[in-house]
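Okay, so chain A shows up in both of these, paired with chain B first and chain C after.
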Partner chain A sequence: MATMSGTGLTFPDSSVLSGIIGTNYIAKWATATQVTHGSSQDAYLNLEVVMPAPKTNNSKYLVMAEVHCDDTNSGGGGVGLSIWVDNTASSYWVNQQGTHADYYSGGADHYWTIQSMIMDDGNVAQSPAINTSQRRKYRLYGDNHNGNMYFCTTNVGGRIGWTGYLFVCELDGGLF
Partner chain B sequence: MATLQSTGISFPDGSALTGAEHVVSCRYAYYNSTQGDPGNSGTWIGNLEVTMPATKSNNSRYLIFGESNTDDNNQSTCGAAVCTWVWSSQNNNSYWVHRPGAHSHYYNDGNDKYFVLHDMMIDDGNITGGITAGETRKYRLYSQSHNGNMTFQANVGGQEGVRAKLIVLELDGSLIT
Partner chain C sequence: MINTTEKIFQNSFAQTVTEIAKDAGIGFLYNSPPNNMSDLTEAYWDSDNFKWLKAETLDYNTAAEAAKVGEPDTIAPAPCTYAEFKTKLEAKYTKETYQRLRKAEYPPIEDYLDAVAKGDTAQEQAYKDACTAVKTKYPKDYVHPGNSKLTKDFSKIA
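Right, the complex of A and B next:
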């Protein structure tokens, strides 16, 4: 039988609910439908997720993203995704794949579906420490190698729905 | 009002919470050093490994995300993949959770190429010896290549952070239908 104890609620399957799972553990995502021409590095892809203040300083953030890309002139082309965070004090790169993480040097027409993921623990790359007094805002940027890239492209036959997404989920520090 | 029942909590909207349904645990690891060609049958990416805590129940499932990047080093035909391996303390055996194949990502011409490779899946124990409460499961990320000309965790201009990643979450069995 489910029973209340000093530490929470114990269920018949022996699992224990020891805290509130609510807005502080929210998973959010944003989607893109616009074509963005990346003629320079660090092109903002209109993908932003603002998380509530973390529950504890031990929280970590699972960040995942995907973007569809097309080269505009069918020359050599290369792409990479960059995950950015703002903690109200400043902004930082959490991870940058690089300008030609996915790359093809030939002159044929190219398309890419590129993904990126990271567990932001407040210690990877430039990421600032996670602090309950600072909400975190995540954005997705695109790097390209040859100045010829459409990010979040709509130029794909048979496409329905988003052309890119950014997903962020705060995970309780006790899970690690 | 919400009421405590023998099976859990029932809510006014008719829903019920019958277990602490959540992510049970999470482990992750990163690796940044360059490695030479891994060959067809798979090479462990550095020391990229996570050891999960004791499995909560036989119904638990493991959600796995792996990523690395690679560059062909002689601008020839090339193919590559990253793949996921698991060791179970229950029977002291290791298994491939998923091996996409040495040319699951492939180009058959000689231009310069770079790939970002992923392996994402749920390990439900079906081909990995079953999932048993109390056991320890250890996951690793491996790489494969087709033409003997790939460099993994390659350097890329503008790169910052992590090149190879392995993230594993244990999901409560009640989350999986």
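Right, the complex of A and C next:
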């Protein structure tokens, strides 16, 4: 976990992000398309952010996502988000929350707003090393228990705005 | 509980797809589900927004495998025809409509348990009568009245 110190943002490996953050690459993507999937495995949520090659091999990526969910049958169910990255060589899971990150066992009409946030430094989970010769493509996937989930749903009453988003920000390694 | 026509139709659609896929032992993936029967066109049925997936995709769990879902070699033949699907969906939608509208208006089950606990046969009968009235109000062939006619307090609010 990163902590704020007197001179900047300190990471677990003792590196410190300092100075003015003015030239980092920032991208975001949103969708209003509802997605559902027939199994508890990973459903691509049509959320993708392609980051250009990083400034340095020491850069880190802040990845944040939020998705609205609704069960399709008023039964029990669970959800979780997965962050995926492709570095042009292959693709990897940066993080998987699993199918029960938020879960109800009873039958009723349930709704979820689920978030995920991860600092990808090229070492977390299966994430490949960050390399200035490779762009990184991030995607968001949804897992569900019982195969009965709408992701990025528009079914939430009174909702205004995105039904799901994926946000990625490169923290310039040159500032660490 | 939202009981709008769109919500009931989308849930009926999801359940119909799920049951057919389960019976066929395959998977599915769809985007932008139809809001009503007129949205469920043959063009949607054949579009990239609606795909039946081969059985092996259900076991995919690596990032590389997940990325392949939806590509041509992961697509399974449709397990039924468009017409067969519509017939099943219509039946499901009709059933789902009366069941959801009844559920929203049945008296609380606590009233029945309270009557039993107290041995109050009059209260027990009142509960049964109230249930019967709801069943009569929404027969099994009941047609959804339209969103503007949903008068139960929170029927239109998630």
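Before moving on, here are some points about what is shown:
Note that in this section the second predicted complex is superposed on the first by the 133 of 176 C-alpha atoms of A that agree within 3 Å, B and C clash if a C-alpha of one lies under 4 Å from a C-alpha of the other, contacts with A are read in each partner's own complex, and residues count from 1 in each chain.
Keep this in mind: a contact is a pair of C-beta atoms (placed from the backbone, for glycine too) under 8 Å apart; a residue touches a chain by one contact, two chains touch by 3 or more.
Being a predicted model, the structure only gives us computed values, none of them experimental.
Of the two partner chains placed by the overlay, only chain B lies in contact with A:G78; chain C stays clear of it.
Looking at the shared chain after the overlay, A:D13 reaches chain B, while chain C stays out of its contact range. In the overlay built on the shared chain, the residue A:W93 is in contact with chain B and with chain C.
In the superposed model, A:Q41 makes contact with both chain B and chain C. Contacts of A:L62 after superposition: chain B is touched, whereas chain C is not reached.
Set side by side, chain B and chain C differ in how many residues of chain A they touch, and the one touching more is B. By the touch criterion defined above, A:F176 reaches chain B but does not reach chain C. In the superposition on chain A, A:S116 makes contact with chain B only, not with chain C. Of the two partner chains, chain B is the only one touched by A:Y103; chain C is not. In the superposition on chain A, contact of A:Q126 is made with both chain B and chain C.
Put simply, chain A uses residues 41, 93, 126 to touch chain B in one complex and chain C in the other. Within the complex, the chain A residues that touch chain B are 1-2, 4, 9, 11-13, 15-18, 21, 41, 60, 62, 64, 76, 78, 80, 93-106, 114-119, 124-126, 143, 145, 171, 175-176. For chain C in complex with chain A, the residues that touch the partner chain are 1-2, 7, 10-11, 14-15, 17-18, 21, 26-33, 53, 57-64, 66-67, 69-70, 156-158. By the touch criterion given at the top, residues 4-9, 17-28, 30, 56-57, 65, 67, 69, 75, 107, 109, 111-116, 118, 156-162, 165, 167, 169, 172, 174 of chain B touch chain A in their complex. Note for the complex: chain A touches chain C at residues 33-39, 41-44, 46, 70, 72-74, 82, 84-86, 90-93, 108-109, 111, 126, 139, 141, 147-148, 150, 155-158.
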